[in-house]
Amino acid sequence: MIAMVRHARYVLSENPVTGLSFALFALFLFAAIFGPAIAPYNPLQSDAANALQAPSAAHWFGTDQLGRDIFSRVLVATRLDLTIAFSSVILAFMLGALSGVAAGYFGGWTDRIVGRLADTIMAFPLFVLAMGIVAALGNKVINIVLATAIINFPLYVRVARAEANVRRDAGFVEAARLSGNGEARVLLGHVLPNIMPIMMVQMSLTMGYAILNAAGLSFIGLGVKPPDAEWGIMVAEGANFIQSGEWWIALFPGATLMLAVFCFNLLGDGLRDIIDPRQRT
Amino acid sequence: MSAIPALAVDNLSVEFRTRSGIVKVLEHVSFSVGKGETIALVGESGSGKSVTAFAVMGILDAAGKVTSGTAMFGGSDLLKQSERDLAELRGRELSMIFQNPRTALNPIRRVGQQIADVLVRHGGATRADAPKLAIEMLKKVRIPDPERRAEAYPFEMSGGMCQRIMIAIALACRPALLIADEPTTGLDVTTQAVIMDLIGELGRDSGMATIFITHDLALAAEYCDRIVVMHAGHIVESAPSQTLFADPRHPYTAKLLAATPGETASLAELVSIPGNLPDLRREDLPACRYSGRCERLVGRCAEPLPHQTIGDRHGIACWNPL
Amino acid sequence: MLKLLLSRLATAVPSVVGVLIVTFMLTRLLPGDPAAYFAGLAASPQAIAEVRTKLGLDKSLPEQFVAYIVDLAHGNLGNSLSTGQPVAAEIVNRLPASAELTLVALFVAVAIAIPLGVLAAVKQGTWIDHLCRVVTTAGVSLPVFFTGLLLAYVFYYLLQIAPAPTGRLDVFISAPPDITGFYLVDSLLTGNAETFWSALKQLALPAISMAIFSLAPLARMTRGSMLAVLGSDFVRTARASGLSSRTVIFTYAFRNAVLPVITTLGMVFSFLLGANVLVETVFAWPGIGLYAVNALITSDYAPVQGFVLTMAVLYVVLNLIIDLLYGLVDPRVRLDA
């Protein structure tokens, strides 16, 4: 553990960008928790007199076609965007890690069924599959979460399966088995906790992709419905004004979205360097 | 043995810059090899044998840096040549054979083409007649059915066959100097002998100088005229093979000989050398890098190493030799 | 090579079966009554019942699946609710627009990513290496629809050097005769420089938006595998043989390093086909992505289903081509098959 902390410090000092990503992450977390409380305006309150105002001291990010304050909307949207991404990543982790570990540990039929399932998902261009799933299940936020989880499922299965396979015959697993634990107990109590660090890296690496995916779906009108504030849909609303030069409506939510994805990608790389230095590129 | 050396390395020092500090991998290394002569560089892994070869060839890693010394070859200093001029010499005048022949060949290029590449680059062969010359080389290294084998990929061949291909590549342009870095490691014993005989024979025919890098003293004694013993980046002793075996003077050489299974020694008599190579990153490396493991340590051992020659080309670097 | 082709075709079969089952399942997952869904929002109970019989929704699932497969075999993907047109014909009409965009984007991405990755590896630690790092990390973070909008704003609104981001051609220029369906190719074939130029200008921004997005994984993989190969034993052999640095880097190192890059192309296509939808939406590009998005908005399900199926089948075929390409470069795979 101490070695890990020292290694973490080393990685951070070697790569200040990772430190920056941790700071950004804290900022996004703060916005997600306190966003609605600290937003200067009501994000849903329209104000026809002040529509399409460029950024100013009163409206840092300007106002949209209904006169709503874009800064407040971007701030408040953080919670929804991160919640969608977090929930889908956690769902993907639960489904993927469990079935992946079981596949790697038991092998045989379990492995074949899980593998076939993952392969079938991978046979689709992932965003297209997500579109199809949301369209079929219904145009709701919960289905965006589900679709994003499903397209991330194979990645988790692959990592969990490989790690469990390596550990199947490890000493500590053998010891747990010999001391009278059932297979399920060995799996959940001993194999799964052991691959947690690597799964954590995987989760932070897929967070960025999950945010992008969810925003992409709402950009084409799936899931989140107006007037709710969400980065993807705000960019879509702003798209109509780009050609007439009102750049701020799309730019600020888009840039925030980009920053969030960037932050999670860097965070994932940084975590990987700390937890799993072998994978460094 | 010849009076004019093909290669004379003098006072060669090499450092590696790593994250955990500067490693002095080679220090004041001097030796020479005459035309038609075969010498062996012998030592444990990490003693600097391969680094010596890479430095001479000019193919050190980017982290490695030559800090002093000369390597005179055909009237010019290899260490001062530009990369461009060196590339002209490599493969034509000086060649190298590596260990692990299976990974040392390009996995997705036909072996005939790999030989032809060198021929076209140096031998003045055209793309059109290079394949034929490549097949000639395959015949020379006694690969059966050379026409068909030239079309094969390395993964379709055994380790011994791959090493023959390596030899064919190295000798394609009849170099004046060949460096063979553990050419038989990983091959079975019969193949080892065949490969060594092949190198010896092809070298003799053309008066080529050969530097043979190995950790196997017995093999070195069998095939080499002279043996140079390295320890932790220093040359500790060098002598004609028979002299070295009959009369080792450096304590390390003596231990190394005692650790070598020969015809006279049974396995039970084998002695292992105590201790490990010193950490070469240390700032305060002792003058004699063997002193930490030596049983004959005396007061003077802390002083800079002497380089003395005794008898017929027998050099040692030790204050208290046997 | 034929053997390789057959063995790869065999591995593609389960993928296709999986795709068919999933796209079939998707229609049965529709919330509520699928018949009502297909009949449209304002349909009378009678109309719904009619649709149910017509679509065979009153039969058992296996029977429905067989009917679905038979329909597909006849090239029947159902009809669009809003236009009444057969979905298959519509997709065939619009496919060249999407394909042209995707292929040009891929070409741009490869043309930038591979030299960048190779240079970054060969000149490790220099500015070009740092540039490569920035591009690879930033590239995957860019939401493709946002990049598209940004490019449109800068090059159309501010600089006014790009045409309006609407469609494949300027409104005053007529489309070239339909030969391949690719405007760039067709206009060249008929020697119509004006159309070619207009098509190219319209294509530039959407293609670049997509290329920026897919460039990152390619450059990252090229750099990584090139670094690994440059440190390998056989490159050392090549250098020790005095081969020119051009031969060492291209003939020896690059051909080996390109293998994992070819594998990455699979992922890149997954990215590109998905990004297609978003970019077509931003640039009003009349491809199958925009068709699907428009259908989504009006809850017109048959086009969406046809779109998902088409994309998945295309993706399976592309992966098959990637596998064969890999076999062409790597003799170990070719001779193993």
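Worth a mention:
Letters A, B and C name the chains as they come in the text, with residue numbers starting at 1 for each one.
Definition applied: a residue touches a chain if its C-beta (ideal position, glycine included) is under 8 Å from a C-beta of that chain, and two chains touch if they have at least 3 such contacts.
Small disclaimer: the values here were computed from a predicted structure and weren't measured.
Set side by side, the interfaces A-C and B-C show unequal numbers of C-beta pairs in contact, with more at A-C.
Seen from the C-alpha centroid of chain C, the farthest chain centroid is that of B.
Annotation: 54 Å between the Cα-based centres of chain A and chain B.
Our note on geometry: chain A versus chain C, Cα centroid distance of 23 Å, whole angstroms. Centres computed as Cα averages put chain B at a distance of 53 Å from chain C. Chain B has no residue in contact with two or more other chains. Contact residues on chain C toward chain B in their complex (touch as defined above): 124, 232-234, 236-245, 247, 251-252, 255-256, 259, 329-332, 335. Note for the complex: chain C touches chain A at residues 14-16, 18-19, 21-23, 26-27, 29-31, 137-138, 140-146, 149-150, 152-153, 156-157, 164-165, 220, 223-224, 269-275, 277-278, 281-282, 292-293, 296-297, 301, 304-305, 307-308, 311-312, 315-316, 319.
Here chain B touches chain C in the complex through residues 57, 59, 62, 86-92, 95-96, 98, 100, 103-109, 117-118, 121-122, 153, 155-156, 166, 169-170, going by the rule given at the top.
Residues 116, 119-120, 123-129, 131-133, 135-138, 208, 212, 215-216, 219-222, 232, 235-236, 238-239, 242-245, 247, 250-251, 254-255, 257-258, 261-262, 265-266, 269, 281 of chain A are the ones that touch chain C when the two sit in their complex.
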